[in-house]
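Structures are listed in the sections that come next.
Two complexes are shown next, each including chain A; its partner changes from chain B in the first to chain C in the second.
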Partner chain A sequence: MSWSRVYRHGLAVGAADFRDFWSLKSWLFGWMLRILTNAFAWVLLGRVLGSHDRQSFLLVGNAVAVGATSALWASNACTWARYDGTHPLLVIAPSGLAAATLGRTSIWPVNGIATSIATFLVLTLAFGYRLTVHAALAAFPLVVLVCASTFGFALFMGAVVGRWTRLRNLALDVSGTLLMAFCGVAVPSSFWPAPMNAAVQFLPLTHGLLAIRGVLNDAGVGVVLRQASLEAVVGASWLVLALALMQRMAERGRADGSIELVV
Partner chain B sequence: MLAIETKGLSRSYASGNEGKSLLALDDVSLQVEQGEVRGLLGPNGAGKTTLVKILSTVLLPSGGRASILGEDVVQNTRAVRSKIGIVFGGDRGLYNNLTARQNLEYWAALYDVPAKETKLRIDRLLARVGLTERASQRVSGYSRGMKQRLHLARGLVAGARVLFLDEPTMGMDPMAARDFRQIVHDLRGEGCTVLLTTHDMREAEALCDKVALIDRGKLLAVEKPAELARYVAKYERIDVEGASETLLATLRTHGGVATVNRAPQGDGHRIELADGAAHRSILALLVETGVTSITTSRPSLEEVYVHLIGDRGLEV
Partner chain C sequence: MAGSAVLVRVGRWLRVLRGAARAQYQLTLGNIEDLRPIIGMPLGALISVGVLVHSGRSDLASYGLVAATLMTIGQMGLFVASEIVFQERNGQTLELLVASPTDLGLVLGGRVTVLTALGLAGMVESWLLVRLVFGLSLAIYHPWLLLLTLSATSLAAAGTAMLTAALFSFGRQVRTLQNAVNGPFYLLGGVLVPTVFLPSWLQTLSPAVYFYWSANLLRAAFRPEAPSTPVYGLFMIALLAVLAAAIGALVLRRMIHHLRREGTLGLS
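Right, the complex of A and B next:
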């Protein structure tokens, strides 16, 4: 069985979905304009507060978070096989559901990376944020890591809403809000009560964002690597859980008939 | 070895919130020989699709056993999946944003068709289903018939030995349906076993070696299509308008007439035959007595069931 071959073809399906969703023009002047407007509002809020540090904190936080929230769209894309009727056919295909789903949804973290980098670039230029080439090069793989770990989380959410598809937009909005509010984007996660702070340690973005802030603030390699490793572990854990749940849901669907439901 | 075998197969679904269950398949036992085209004929909701979905491992049975080429559909799911192809009717099950070729390449990868063989196999399949010229066009621009032919190519891309066709010509125009049936006919010549669900009796007659009649989850009978056609012809009915009471009385005692009743629609009467041989003499009698509004028709599938099962003294 060629897992990579299925993944590659799944990726082509995802790319076709994406092209159906966005043209270059609508991506630039619809999607990015919306993202940038939102990010500008946050960074301007930092400027209104009169603190350069706060402004920088909000700029970095938002530039990374938009990538993560874009990657969350993979949860929504997990349900599309239900709508186009391919889900039961994928379940019974010998190569299985996992490679096909991973392939089809992988375009969304890629969109997240592009969104995050573009936002970073525009905000840096607009607000005169000082960013060295060295720091930018070091931050880039960490942005990729954040989008990848959020992808793992998104697949888990997708496995859940695959059974209750009408909740897909709610799940996307709730999980996006959760990441934006509690994972250290506008305020450090330590700002929140201890139980909440403890909980967000298990969410994507939290550690990755700390690693990126560490790179940009010269926090030291040890700190950056530790946070990056935690982000990778969180993302990988969600991915493993997602694949297991996806398989479980498929088997349960065969038993209770929900394999073909779109509810 | 049988291509398809079921013993006491049943499937129930949870219905509503009261914990009630709905029996979709009830104790179905079926044997299909290799290379046979078997029709599964029944009205909507009869259980045909549920049976196909269990045999193709989409659904698990609630009870009984089923096997494909000797492999149990519950125990040896993986082995079964490598031997079957499934084609659902309708628009769903394809990637509309991809071309036909890309769709087939994807399914070939999913069924682990060796990469070296894939192109040649897809070229042949596209030619077979008449889509070579449109192979590079996005499926979203396809007609219903073209999508259905692509569905069939998808079902065949892995070299299935047993093919399940679930209402494959549903919604097709007559020409497209005819072409589709020709392809199925050709498959039979190549030794592929086909289980075809339909509620179109003529389709079943045209394609199938045998037809299994199913209703309300129960397998009612297995007949050869010729036998089914005989029943259809036997129970033909004649709707007339303007027949006098005297003529109606004469018809009621005429040989080969089962019943004479008010027609379900309009002001006329319906004459139901019990013997197709009486058809000609009754038409002659009607014309001789000046009746000019005469419509003949064949019974619906449900009516054939009633007659068929009623004749055997079974309850439908």
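Right, the complex of A and C next:
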């Protein structure tokens, strides 16, 4: 089977996973309600500080971060084939593990994009944030970029937790919070000590968020393109690392008999 | 005679509570899923205290600490303790629990109490995190108020978990309900941002959420001035705890009765 066909079949499984988690009703009144109330609390913190700029900073940061943290779910989805008992079959299949895994997990960045856009819209209306149609149209592909690059990172994480699947949910919680803390969501990343600020330059969200802030604050095309390119490079690098690690784990699993192991 | 019968009965109850609590403690220590809130939620203080320090409002750092603490306790109640009945049903052990002569409500009570009490670790963790990362030693001006409020809050979370565990026991809408209740609870309770900053129509709902009283008292414990009406606040937390637990026990009994009558107790 061709790569794209395997990917499409994987995506169909991913869509089934998604429906297993959320229906339209539970997505709106469960998932989005939690995301939005959370985001409201953060933006209100800007009101406590009495600063309109802080409030806008928190609003944009959170609206983008909810997309990235939703895309992180892909790391969790990487491990599900092990629970389904299909992981060994995927490893020995002639078309390989990568296309099927990419397909199954890529539904989660899509959820990220939808979550981020919905959050942006509601927060903009609720807090009277000024957003021109022009800026919104320019920001949209950047939101897609952030979710895609976070997806690359999530796959890497998924390949790592594939060996210790019991830690998958914890890894999701902790990584999401750390991304929100250090990647410039609530405070600029330069607020943190230099080594931390240097480290987050290699993480998804950091540059993409700067690009989006650039678009919304009329920072100039050069700055936006630069940050967007960096985000794309970071995401692509994580994706390449993830695929390599996935392949290595699969080979090691075949070699040492841990291929069917779920711990 | 009647007095000693009551004593015997209370003794029996306590034995059940203690046994259930010990069993839950052992189960939790071996289950990383149960410990997720305790490990993950305190990290939220990095974000909230970060925002406050960055804006030059280190004096408000206790807001972030209180939020991380309450959300750790809240998650232990809403995400871990609330799933007990659902998990037992999934694991095909609910029938054994229901068939045993001990009261299910008591067993559940002992178990949820341990879980939400473990959530108290969130306070210590967040305090240490704030100290370590931001170099802020948040002074506790009213230690007794802090201790009493934390204990009452953990009991209120346990009481609420009795109710949610009963509601979630049918298992169909667990995830929707968990998510739907979680966010609004924290927002209405003013866990991070005091409720005065909410729209006034929302503020009227806040006193029905135990977090509202807990958050106000906990923040007051970190301020030098004397707290206003602490006894009333503690009373309200206790009242909401007892109410939720009582309704929870009632709902649980009705749910189990329904499942037994329909013959679906072991189905999941």
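As a convention for this text, the second predicted complex is superposed on the first by the 262 of 263 C-alpha atoms of A that agree within 3 Å, B and C clash if a C-alpha of one lies under 4 Å from a C-alpha of the other, contacts with A are read in each partner's own complex, and residues count from 1 in each chain.
Please note the rule applied: a contact is a pair of C-beta atoms (placed from the backbone, for glycine too) under 8 Å apart; a residue touches a chain by one contact, two chains touch by 3 or more.
Note that the structure is a prediction, hence the values are computed from the model and not measured.
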Chain B or chain C: which reaches more residues on chain A?
C
Looking at A:Gly85 after the superposition, I want to know if it touches chain B, chain C, both of them or none. Which is it: first, second, both, neither?
first
Is A:Phe140 touching anything from chain B or chain C once the two structures are fitted on A? First, second, both or neither.
neither
Classify the contacts of A:Phe202 with the two partner chains as first (chain B alone), second (chain C alone), both, or neither.
neither
In the superposed arrangement, which partner chain does A:Leu44 touch: chain B (first), chain C (second), both, or neither?
second
So in the superposed three-chain picture, is A:Leu178 touching just chain B, just chain C, both, or none of them (first/second/both/neither)?
second
Please indicate which partner A:Leu58 is in contact with in the superposed arrangement: first for chain B, second for chain C, both, or neither.
second
Check chain A for residues that touch chain B in one structure and chain C in the other, and list them.
none
Within their complex, chain A touches chain B through residues 1-2, 5-6, 8-10, 12-13, 16-17, 19-20, 84-86, 88-95, 100, 254-257, 259-260
What residues on chain C touch chain A, complex-wise?
32-33, 35-36, 39-40, 43-44, 46-48, 50-52, 54-55, 57, 60, 63, 173, 175-180, 182-184, 186-187, 191-194, 197-198
Residues of chain A that touch chain C when the two form their complex:
21-22, 25-26, 29-31, 33-38, 40-42, 44-45, 47-49, 51, 54, 58, 166-167, 169-170, 173-174, 177-178, 180-182, 185-188, 191
Which residues of chain B touch chain A in the complex?
13-14, 53, 56-60, 78, 81-82, 86, 88, 90-98, 102, 105-107, 109-112, 115
